[in-house]
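Presented sequentially are two complexes of subunit A, the first with subunit B as partner and the second with subunit C.
Entry: the complex of A and B
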């Protein structure tokens, strides 16, 4: 456990490039605030001043992805580019422990961004919290943040295996913005696209989050929240397999500092 | 003056050659698509042609700004960390001329992102903006490009002076989007933000864009927005120049070149 905690701390403090006061506060707290201002003023300009209320939960969930995903992938890419990943692979450290440790402290950053977004919407347009089913809403939020974190771990493997990994992250963040239902309702897309969207984190959990926000019991949308959790689990497992395969390939080919695949 | 222009052109070419056209930079262009889709979708909710026309022009410019501000902002810092900034200072060409050339190259490189956004909007709305004064629109767009360049260049010496680290632009770029007037006219903002926005040259240039669309505006209004755009560009350029001088002072006089 002590080893694990040491890795949680060192991978976060040593490899998270935004861990200085200005960048951290501005990224985790102020960026969501600015995003809310953009969406609300644009909504007002487009003739729907109240529309930001309907996006609020979606934007909040999206901001979790915007902070968690780059945070975790930095943890991997800087480990390789800084030359420290070779020490990890040379050591007898438990790989699963190391893989899991990289994500732990990025998880609360997502939650902080989520809260900052909702507070801003509440202050700016008076988001109504009076009917929220808090138990279900909090559970939904925690599970969505977990599945985004799992996606971050999955993308982390790409960040050490490919030089141009950031394209993959850009695609995932873009897909979450467009297809998760955060802002654009999912039902306007063709059925096939809707099914693809359900393979992304956020999409399933957001249904439950929106439902519990208006007071529905979690049981009504438990299927969605279970699917959200399973989606995260699949990404997490795939990421771990990728992490293991990367090590084997990098050792075999001597390509730790190059494109491994 | 001619020599300085020649030096600036040379730095445009140098930066252009240095910009990598690798597969890795594909993300720079891909990132514009989701933003364009979502913002267009929001604007389409009421189907107001005036809003869609404004966004058809503003959204592509927004994507250019959000792409290049980051790159231009890091220009001087990157040279500092790569230990090549001292060579720029050995040359007799003022470093702001060199940096301006580099900034122009970055803006030129970022312009295709605007085209991608424009195509996304067109595909979604199937309408082209109703332009009432094409000549005024072209000049306003040129002023927007100048505004983007000046506003982005501002961050280049600033990054060195404040020792900006990773993540420095994470809030600055979205905040710049709010104040730039690309997504909505500045008069829609709360008073405090409106005042701040008026310090940005692009907010005035976008007024010129708005007055060239739809029902249009009178020439005095358009001239006034152009004049204010140029004035704020000069003002911001002056501050940027002063910051470049401070950076130079650190290098030549106090000898703290490689320190923040």
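Entry: the complex of A and C
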């Protein structure tokens, strides 16, 4: 356990690009706050408290992806570009332990930005929290954050074998913004695109999040939250397979010593 | 003696594609074979791009060879990579490979965790190796504030951390100041006395000569010479060396010496009135009488012929092949 915690600490403090106060606050707090202010004020102009609520919850969930996905991807790209990944792979470290450790502290980062976002909407536009089913809402939030974290792990592992991979998270952050229902209702898209959207984190869980926010029991949307959890599990498992396969691929192709970015 | 490292016909080819999509292949190792017995320093020498680092990366499980077989501590580096990793450590030269934002101590604590060292063992070993490399007082500073030499010391500390049986050192003294380099060289015999085996690559021939029990010279991915340093010097040198200490020299004398058949190069150094001429000839050429005649007998304090140094041998091999 001590060795696992040492890896959690080091992969975060040694490889997280925003680990100084200015970068951290501006990225984890300020950026999501700006986003949610824009959208919730837009919603208010649209004249509907439902739209304000929908945007606020959608953006809050989306900001978790904005924070978690690049954080974890950096953890892989920086490790490779700094030449340290070779030493990790030349060591007898348990690969599952190392893979898991890379994600642990990015998870609470995402939750922090989620909380900052909702508090901002509460202060700025008076979002009503009086009917929230807190148990269901918190459970949904935690599961969405987990499935985003799992996607981050999945995307990050590609950097082991492929150069210039760091921007892939930008694509997925964009896809989540467009397709998850955070801003744009999912049902306006063609059916095929809707099915693809359901393979992304956030899409399923957000239905449950919006429902529990207005007081519905979690059981009403349990299918969505289970699907969100399963989505995360699939990404986590695929990521671990990728971690091992890409290590072998890098050893076969001799790409570990190549710089990346 | 037990063999702990063995390469048998190891070939490694790097493939890449040009901008126009053409496939380009570079043969980094071409059927490389050698054996390293337990408890010695094995020097792997060669010019840049010869295949030294590729060999080390194959042996440390970071590269998979295209063909051939390599074993470390009896384990296949491809099929039993995880067992190999428990027996080895890797010291690479250069500034990369460390976490700049972390302190020296934190870097070592992380690698102690990667090597499954228990809590108290990790604490003790981190302290020990920091002391060994003279970084104790800087251990709480971020590595990004370290000089190049300090980073190299930290590389060495990391290599010794898990007390491995086999240590791969790829140009370990690069970037170290003379004192640091000497300290590392003094550390090597101590590690050997503990039963460890070291595979060393270096560009410093005196270092290789001083430390290595056996040497292999690699060029363009092929081993071209192997043996003890003395054997290498005897068998593979393409020069013989004569050293003359004399009181007077002149341009005319030097011109006459240069014109002697068989002399390839003359280096002269002076210390006050004393001049030292180092004359490189082809092996087997007798020039002593002519040299004495040109420099004049009463002018010469001493004249000796000696085996070439490893550096002279190395230069004679590679200058000839250029």
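In this section, the second predicted complex is superposed on the first by the 242 of 261 C-alpha atoms of A that agree within 3 Å, B and C clash if a C-alpha of one lies under 4 Å from a C-alpha of the other, contacts with A are read in each partner's own complex, and residues count from 1 in each chain.
Everything below uses one rule, namely that contacts are C-beta pairs under 8 Å (C-beta built on N, C-alpha and C of every residue); 3 or more make two chains touch, one makes a residue touch a chain.
Values in this document were obtained by computation on a predicted structure and should not be read as measured data.
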item: Contacts of A:234 with subunit B and subunit C, given as first, second, both or neither; value: neither
item: Which partner reaches more residues of subunit A (counting touched residues only), subunit B or subunit C; value: B
item: Contacts of A:183 with subunit B and subunit C, given as first, second, both or neither; value: first
item: Subunit B versus subunit C as contact partner of A:112, first or second or both or neither; value: neither
item: Subunit B versus subunit C as contact partner of A:132, first or second or both or neither; value: neither
item: Partner chain in contact with A:142 - subunit B first, subunit C second, else both or neither; value: neither
item: Touched partner set for A:84, first subunit B, second subunit C, both or neither; value: second
item: Contacts of A:48 with subunit B and subunit C, given as first, second, both or neither; value: first
item: Contacts of A:23 with subunit B and subunit C, given as first, second, both or neither; value: first
item: Overlapping contact positions on subunit A, where the subunit C interface meets the subunit B interface; value: none
item: Of all residues in subunit A, those that touch subunit B in their complex; value: 17-18, 20, 22-24, 26-27, 30-31, 34-35, 37-39, 41-48, 51, 74, 163-164, 166-167, 169-171, 173-175, 177-178, 183-184
item: Subunit A residues touching subunit C - in the complex, by the definition given at the top; value: 2-4, 6-7, 10, 13-15, 19, 82-84, 86-94, 98, 248, 251-254, 256-257
item: Touching residues (chain side subunit B, partner subunit A) in the complex; value: 22-24, 26-27, 30-31, 33-35, 37-39, 41-46, 48, 51, 54, 164-168, 170-172, 174-175, 177-178, 183-185, 188-189, 193
item: Interfacial residue positions of subunit C with respect to subunit A in the complex; value: 12, 14-15, 57, 60-64, 82, 85-86, 88, 90, 92, 94, 96-102, 106-107, 109-119, 158
